[in-house]
Structures are given as C-alpha cells and as structure tokens.
Amino acid sequence: MTNKAGSGQVMVKLDGLRKNYGTVEAVRGVSLEVHRGQVVVIIGPSGCGKSTLLRCLNLLEAPSAGTLQVGGRTIDFGAGHTTPRGRDLARFRARIGMVFQQFDLFPHMTALGNVMSGPTIVKKMRAAEAEAIARDLLAKVGLASFGARFPRELSGGQQQRVAIARAMAMAPEIMLFDEVTSALDPELVGEVLDVMKQLATDGTTMIVVTHEMAFARDVADDVVVMDAGQVVEQGPAEDVLLQPKNPRTASFLSRFHSTMSERKG
Amino acid sequence: MTNKAGSGQVMVKLDGLRKNYGTVEAVRGVSLEVHRGQVVVIIGPSGCGKSTLLRCLNLLEAPSAGTLQVGGRTIDFGAGHTTPRGRDLARFRARIGMVFQQFDLFPHMTALGNVMSGPTIVKKMRAAEAEAIARDLLAKVGLASFGARFPRELSGGQQQRVAIARAMAMAPEIMLFDEVTSALDPELVGEVLDVMKQLATDGTTMIVVTHEMAFARDVADDVVVMDAGQVVEQGPAEDVLLQPKNPRTASFLSRFHSTMSERKG
Amino acid sequence: MPYKWDFSLVFSYTHFWLKGLGVTLAYSVGTVLGGLIIGVILGMLLLYRRKWVTLPIHAYVEVFRCTPLLVQIVWFYYALPIVLAVELPAWLAAGLGLTLYMGSFSTEIFRGGIISIDKGQWQASRALGMTNLEMMRHIILPQAIKRMVPPFVNQSVIQLKNTSLLYVVAVPDLMYTGSIVVSDTFRPLEVYTSVAAMYFIILYPLTLWASRMEARVDQ
Amino acid sequence: MPYKWDFSLVFSYTHFWLKGLGVTLAYSVGTVLGGLIIGVILGMLLLYRRKWVTLPIHAYVEVFRCTPLLVQIVWFYYALPIVLAVELPAWLAAGLGLTLYMGSFSTEIFRGGIISIDKGQWQASRALGMTNLEMMRHIILPQAIKRMVPPFVNQSVIQLKNTSLLYVVAVPDLMYTGSIVVSDTFRPLEVYTSVAAMYFIILYPLTLWASRMEARVDQ
Amino acid sequence: RAQPKNESTWDLIKRTGKVRMGVFEYPPYFLRDKASGEWVGAMVEMGKDIAKELKVTYEPVEVGGFAEAVLSLQAGKVDMNFGLQATPLRATSIDFAGPIYWIEWVTVNNPKFHGKVWADYNKTDVKVAVMTGTSDSLLLSKMAPKATKIEMQDIAQVALAVSSGRADAFTTTVLASMVMKTKNPGLGDFVNPTPRVALPGYIGLRLEDDQRWQKFLNRWAEWNILLGHNETRMRASLKTMGIEEIPSTVSFSPN
C-alpha cells in the first residue's frame, strides 16, 4: 500500500509548523507531506499535540510559526505574516473536511439538513442539488432511510456517520478525522470504521488521529508517531507498527500489543 | 472459578423483577442469584435493560413488580406493596455500592473528599477515621498521592478509580458496575479494569455490566446474557462466552469474536 | 367605620382604562422590540473581544443597569433639551429611556444565550467553511434564541411594569390612568387592585408561555 | 437664559442623604435576605412534584411576578389593616411587599439553580445512601449556589432600585429623600442626577462582583 | 419648535402665539373634565385669561406632578406653572410672579385623633400626612415642627393614609380638603386649628434676564386678586365640582 506515498500530487505539506498556547508548546515544529489519495494515521500519547496539529491544518487554530500548504495555497505563519481572515479563511476551510470526537451535529436540523448545510450555506448551492448530493452520501454511510431523523433520534454511531457525510458533502480535497470513534460504545465503533475504510478505498485523502491500531494497520499508508509536540517516527504502517525503531514508539505501542495479545490469549 | 457459585451465602436474589417506564417494558421478569464473593457479568445489546436492572437493584428505580432480596432484607414490589422511602431507602442503598459510566465525582470536593463523603455524610463517621479509610482505598486504586486533587485535575481513568474508591468506602455488601470503562479513552481502560480485577481477587461480590469481553472471560464467575429485558442465557463464563447455546447470544458475541480475530489477524 | 369596597366607580372609567391599556401595551411592545434590537447588535459586538468595542458597551450596560429608570427617563425628557439643546417629543424621550434600559438587559441576555451554545457547534460550523455571519444566522442563533426566550420574557414582564414610570413625563399609561382615577374617585384600593388585575391578565399568559419554552429547551 | 447647574444645594442636605441611603440599604438588604429565604424554602419545595405543593407555590410566584410591586406595597400597607384588621408595624408592612416580590423571583432562581446540577450528581449521592437532606446540603447546594449568584445579584440590583417604590408609603429612602429635596430646592435635575450617581456607586461594584462569579462558574 | 438659544419667554410667546401652562390632576386647581377631556379648574381659567390678555392661544401641557412641573419649566417645556409657593430657597431655582390667591389651611383627623389647636399636632408621636411638593409640607413645618411628617406623592394617598389609620391627620388647604371630603365622605370633619394660617400662592417662571414676562404677570396677578376675579374663579370651580356650601370663613384674599 505504501506505493501511494511519493507518487501523486502533494495535497498537504507542513514545514516546521509550531503552535504555542501561551507558554505551552503544543506543536513544536512538525514537517509532513500528504499526497493525493494517501491515508496518514497519526498516533501518540494523550496530550502530545495530535488534535492541535489537525486543528492547525484547517486553521481552527492559527499556527504560531512555520508553513502550511494545502492544495495550491501556501501560507506562512509567524511574525511579519498575516493569516487569512473572514471570507478568505472560510473558503480555505471549506476545502478541508473535518470530523471530531464529539460529532457536533446541528441539533436543530435533520440528518439530511446537516449534510446539506455545507453546500447550501457555504456554497449557496440550490436546495434540490444539495439534497441529491446529501442523499447520495447518506446512502454511502448506510443511512439512506434516516434522512428525516434529528440527531437526538440517532445512535452515536449513526450520528458520527452523519457527521462524516456532512464533511464529505463539501467535496473536500482532504479529510481530517480526530478520534472519531472515541466517544462511541464499542459496539458502534465498527460501523464508523467501516465507513472510513470505504472512503479510503474510494481514494479520499485522509489524515486520521485514532487509537484503533487494527484500523491503522489495515488502512493507513503512512503512520506518524508524535510525542510531546514532535514527530518521533514516521513511515509505512507495517514498519512503524510492527518494528518501531524509536524507543518511545515501542513503549507506546507495547500497550496495544499487550491488549491484542491478551485478547488473543 | 465456577466453584464459587452455589456455595456461600446468597447476597442478592431477584425473583420475577419487572420495570416498566410507561408502556416501555425495560425489564421483563428477571430472576437471578448472586452469592458472596461471586462476580457476575451482564452482557447484552444496547437497550436490553442492563442499566435498568442494576438501577432497580439499589432502588434508584423502583421496580414495578417482583421480589428483591439484598443481604437479609427482602422487598416485594407491585400493587399492594410499599417500597422503602426516606431514611429507610437511604440505608438500603448504603449497603450497595454503585459506579456509573459517567463517574459523577463531586466537583467541589477533592479526590479524598469524594472518597470520604459517604462515611462522613451518610454514616456520620468522624473525619479522622473516614480519612484513614479513604487514604487506604485511594492507595488501593493506585492514587495514594492524588488525594488533594480535584476531579477536573484528574484524567478520566483516575476519576473513575476515585469513583470506585468512593463506592468502596461505604464497605458495601455488593458492588454494581455499569459500563464503567465506556466513557474512557482506550488507553485509560486498562487502569480501571486492573482495579476491578483486584477487587474481584479480594473477594468483593460484584455485578458488572461491561462490553469488555476479555475482562468478562478472565474475571467473571457467571455471565448473564440479556435481550429485550429478559435473561436469555446464564451460566459459567467459559460456557456462555465460548459455547453459547442461545442463538441470540451467539449472534451478539459474534461481533466480539470477529473483532478479536481481526485484531489477531 | 369598616371600609366599604366599591368597584363600581372603577368600571365607570372604561374609556380611560382602554386608552391607558393601549399606551402601556404600545410602549411595552415598542421598547421591548427596540431593546431587543439593541441587545442583538451589542450582544453580537461583545463577541469581538477588542477592548475598544467591549469597553463602551459594558459602560453603557452598566450605567443603564445600575441607575434608576426613573432618572433615565427624566434625563431624556427634561435634561437633554437643557444640556444638548436637543428637543425630543415626549413619546420619544420617554420611549428612549425605556428602550435603552431594556437594551442594557437584553445585551446581557443575548450575549449569555450565544455563549451558552456548545463550542462544538462553532467549531463544526467553521470547519465547514462558514463565515461568522453564516454561522450566526444558520447555526448559532436558531439554537440560542430558544434559550434566550425565558430570561427575555422575564425582563419583558419587568419592562411592562416599568412603563408605569412614564408618569414623570405625563404619558397616560395604565398606572398613570390609575392615579388619575384615584384622584378623581379617592378609591385607591379599588383602583390599584384593578390595575394589578389588568397587569396580571396581560402578564400571566406571557410567563406561562415562557415556562413552556423553558421546558422545551430542557428536553 | 441657559440653565445653570448647581449641585452645591444638593450637597447641603448630606444628613438627609445619609439617612435615605441608610433606609435604602437597610430595606434592600432586609428584603433581599427575606426574599432569599422564601426562595430557598419554596424553590426546595417545588422539587417535590406533588400538585398540592407546587400549585400554591406557582400561584404565589405568578401573582407577585405579574402584578406591579407598587400595588403590592399599597396592599400590604393600607389594605391589610382594612381587610383583615391586621395591624402590621409600618416598617414591616412596607417591607413585606418588597420581600414577597423578591421571594417570587428568588424561588424561580433557586429552582433553576438546583435543577441545573447534573442528574449524575443526584444519582451518585443517592447511590451512596444519602437522604434528600444530606444530598442537598453537602452535594447539590454547594454546587448550585455558585450558579445562582449571577441571576440573584441581577435581581438584587433591580430590588435595590425597587425600594424607591416605598415612596407610596412615605418610607424615606434615597429616592423619597430626593423628592423632598426637590420640593425644597426646586432643583430636580441636580437632585435626580445625584440620586442616580448614588445608586450607581452602590450597584456597580455588585454587578462587577457578579460577573466575576459568572466567569468563575464558566470554568 | 426650535427655540433659538437665549430667546426670552416673552419673545417666545409672541413668536409662537401661544402660552403654555403645566397642568396635572389636582382638583379644584386643575382637573380634566371627564366628559369633554378638556382641562378645567380655577388655575386653568386664570391661564386662559392671561392668554386672552396677550391675545395668544392657551395651551395646557400635562405634567406628572409638582416635581415634574418644575422640571418642565426649567426644561422650557412650559412657560408658567400655577399654585406654587415662593420660598426664598426656591427662588434661586425659578422665578415667581404673584401672589394670585391666599388660602387657609385646615386639618382633617382620623376618628381616633382629636387635635384642635396646632399645639395638639406639635408632638413627635403625632403623624401628619402631607402632599410632597405642596405648601402643605411648608406649613406643617411652620405650625407643628415636631410632628412626624409623612409626605405622600398624591392627595388620594394622603386621604388613604388617614382613613387606614397610618396617619393621625392630614393638613391641606381648605380648598383641597373640601374636595376630598365630597369624594370621601368617610373622612372626619375638618378642623380649623388655631392660630389660623393662610399662605399665598404664586406663578412659577423660568429664571431669565428679560423681565417683561414676570412684570406682565405681576400686574395681572395684582389686578385680579384685588378685584376679586381669582376668588370668583375659585368659587366657580368648586361649584362645578358640586361644592356649593363654602364656609363663610373661607376667603381667597389677604386678610
């Protein structure tokens, strides 16, 4: 699967990206490249800066320094540089889909309304057209008949699938997933992972933060291991997961290895 | 491990227990016996009535019909029977410890304060005595040095362990656990399961609702499978988990079997 | 001599009462709406955390919240012509004090309603590429408005009663009408009791509706 | 000839003002405390969902919330002796209306604060074997009180200003003192402006403190 | 209605062709005729006469009460206010013209209190109600300084305070008390406490340098009071309120 890396167009490129919250250095110089159709999984211990990195990618947080390139657009951060604002910022974000741990569906809209919200509100698409797209996507995530339900009438897994469809409806160049299964009961995790696997198979460019090692192993092209705001190891999934070179990675993964073997046991 | 069943004193006995919410029959006639020192794990699909059953056990919900026996006390429910109220009800509950999915620590008290709250408020124990008990228990759940922290300063796993210590501080005759690891990040689940294993080893009588099959297999004496408010299968853990007789149990467990084998991969 | 209650006199002023009722309702609706608009605009502006935006707004809110409405009305009607040589018609001057008073409370209610919406909603809207205006209009406000209704109704109830301060500028609202009828009939107990009943008849359905809304938000 | 402002006259009544200030503060503190106690008791009782408990409480709250405070004061002061032949001392009769008015709002604030506490806290307390009283005292109230402070302060601000309605029963509060000084000096603009300043000086620190509390609850 | 800065009241009246007078419900001085909605009463008649003398239109401007009447004057919303008492302190805030009438004060006791001479009222445990902003308050301070003064916002509350037993008595002009008595027969009889006192009533004016308006009104007042026109207007107004029997002791001129 690693053949995808290196080939194809560069979709996302980070160079020395940093993010400080006051004196806290959440991301401390991350450089990364993601190519069209690639699936990159980011793992690492809690608080190592995974979420912050994703949020910097679509400028939900303004990076403190470094360079960010998404599609054709290159943005420099730090002293002397101005970051996009207003409508420009909104347009930039529209090219990137993001799904969060707490699905954050809009509670006053139906599932269909949620999926249509991006195209109609942001792209000012006609309702009929947006609805066609939304129905397609709901079908794709296995919720064709749930369009009229409100979020509170859906299970967690169903809500998260709607959230994925909502992000996809903007036809983003790249999708970011931040621990999208962590808030779900174990029984419901499978549904969501299946949808994500399908997206990967369809060739969606994806950056995924997850604790689901089986998913990482099966779907990821590259795995990036972070610790304390930095990338400590990076490479093809099999290599990183099964023969980690960095001792930190090894110790982090050992917990999962033991769980897996315990469950095997 | 099944040798514990049948032997020993009966700690909890349910007979034809029912609970209706309006027209919803959440629990539809459950009979069950738990002996001193036994660990019973209840599994079943979402909405099958597991939580309702536990909540009926310590009368957080008043059962609609049936008989409940805890320790020496037998209570009949349904028309013509009065359920305990006020101080009597509170005393009844004090004999049963319960831990919830959302740990529900008291945010205005430290970890130590939380663990001391039962003994001091309910049992009117002297502070010094309660503190000694609480410190012992915090040490037991691996949080000896965290007594002065407030809940918001603890990780989810640590909070849940404090919640367990808080319930244990009342020296309950039986402990109920309702999906106590579901709200935790996968990395933190292990800590809490370890504490529960230790309790089981120490001979605490426990009824545990969980999705952690590995835990059930390792720790449970009996496994009870529920579906649609009824017990569909019941017996020693190995038998039920590995050679389920009931087709519903088999289909429910198949999902876990596949996850495990997938992870074995 | 025991007091002899006599409500018949009160009823003989029906025409007056209706006019007073009309004035009270008109001023209440007008100033509540005006205050609402102020609250929406200023509450929104407060979200921009620039000092030079928030400081004057806070100053406005606090000055109007912490001084008696009576004095505010006196100021707009009597002092403005003296100080600024701005001559406002009575109805406007009177309305202005009431409106700005309501506005100061509304600003707080509005801001509170907006920031009560879960941060996730803001984040999800932004991640979809919405501008601030699109997000406010389609996502935040539709949810926030429901939560603003109960405190807003509560304040409107108080506001409707506050219109009685219009007496200082001789605008004949319900309470002022009451005091005229009192000085005509010398039946203050009967008159005031009737006035209270009229207020109650207007306000009770309003609070009932508000608590329905509140219950719905709880769901 | 343009109006000549002259505040010196106002200041020559310092002794009067201090007395008025004292009355305003005493009545405010007294009736706010009284109202708070009513709110605590009734708000608590509302948690028992028995119709025969909640119905009269709701009736009380709505009657006092939906009618003008002025009329309530008139009633307690003048009508009670007439109707029930109950002769209350003047200070008590005057304060009763204010207290019950504050009580009606406090009841709602108190109930709201209590039910805003997460259901999990109730459940966890009950599961530990606490009685309702123990739970309220040690778990629910300590958390709820923080949330009640901001709306309660807001209502207290309004209440302090409402003490001015005591003028109908000639209790010499700040506003009443103002009107006496006005009739003495014929300087209403200076007097009312000074009164507003005095209210502001008392109330602004209070609201400042409340918004600090609010910020702390948000954490 | 732009008023050029510093335009005197006299010039203003001439320019606009109308004279504005503050009115509020205070029978028999000012009251609204319930049938026509017109303002009537003794002071209104006087105001109309002034307008007639000046050959301008008379315009009553409704104000909230005594305090608001003063405010309206200072804010330039009216040109004159009737029935004010001219104390030296007040004269630093507004100007006065007149006097336009003299009037005597009486007291009305509640049934439990039996004051007869001012000395009976001059005790700290006697509560006497008066109406704020009127000369009732001034007079009480003069005649019974030790009495506990209860100042009420309007005349009906004064009556209520006495009839409910919250006050032992009230004091007001013989005129106002006659009106109160007709509307409120339950009130006790009025007493003419000795020594008898009377106070003059004036017209209130804006402070200004141009003296023409004040001079005009002074001459008008002198003329009307000496010829007894104002007394006639007072009596006529009482008559319209159904008060025919005016005690012979009552007079509206200096004694």
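Each chain gets a letter, A, B, C, D and E, in the order it is written, and its residues are counted from 1.
Methods note: a residue touches a chain if its C-beta (ideal position, glycine included) is under 8 Å from a C-beta of that chain, and two chains touch if they have at least 3 such contacts.
Not measured: the values here are computed from a predicted model.
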| query | Fewest touch steps from subunit B to subunit C? | reply | 2
| request: Provide the labels of all chains in contact with subunit A and in contact with subunit B. | output: none
| query | Where the contacts of subunit B and subunit D overlap, which chains show up? | reply | none
| Farthest chain from subunit C, comparing Cα centres? | B
| request: Farthest from subunit D by Cα centre, which chain is it? Let me know. | output: A
| task | Mind checking the centre-to-centre distance between subunit D and subunit E? Centres are C-alpha means, answer in whole Å. | result | 37
| field | Averaged-CA centre spacing for the pair subunit C and subunit A, given as whole angstrom | value | 47
| query | Taking each chain's centre as the mean position of its Cα atoms, how many Å separate subunit A from subunit D? | reply | 53
| query | Rounded to the nearest whole Å, what is the centre-to-centre distance of subunit A and subunit E, using the mean of the C-alpha atoms as each centre? | reply | 82
| In subunit A, what residues contact two or more other chains? | none
| message | Can you list every residue of subunit E that touches 2 or more other chains, as numbers and ranges? | response | 5, 68, 71, 74-75, 157, 160, 164
| For subunit C, which residues are shared contacts with two or more other chains? | 3, 74, 78-79, 82, 188-189
| request: Chain pairs that touch, all of them, please. | output: A-B, A-C, B-D, C-D, C-E, D-E
| Parts of subunit A lying in touch with subunit C, wherever the complex brings them together | 58, 60, 86-87, 90-98, 100, 102, 104-108, 117-118, 121-122, 163, 166-167, 170
| Given the complex with subunit C, which residues does subunit D contribute to the contact? | 2-3, 62-63, 65-72, 74-75, 78-79, 82-83, 157-158, 161, 164, 175, 188-189, 192-193, 195-197, 199-200, 203-204, 207
| Can you list the residues on subunit C that touch subunit A in the complex? | 118, 120-121, 123-124, 126-132, 134, 138-139, 142-143
| query | Any idea which subunit E residues touch subunit C in the complex? | reply | 1-3, 5, 24-27, 31-32, 34, 62-65, 68, 71-72, 74-77, 111, 154-157, 159-160, 163-164, 180, 183-184, 186
| note | The residues of subunit D that touch subunit E in their complex are 1-4, 6, 9, 77-79, 81-82, 87, 90, 167-170, 176, 179-180, 182-189
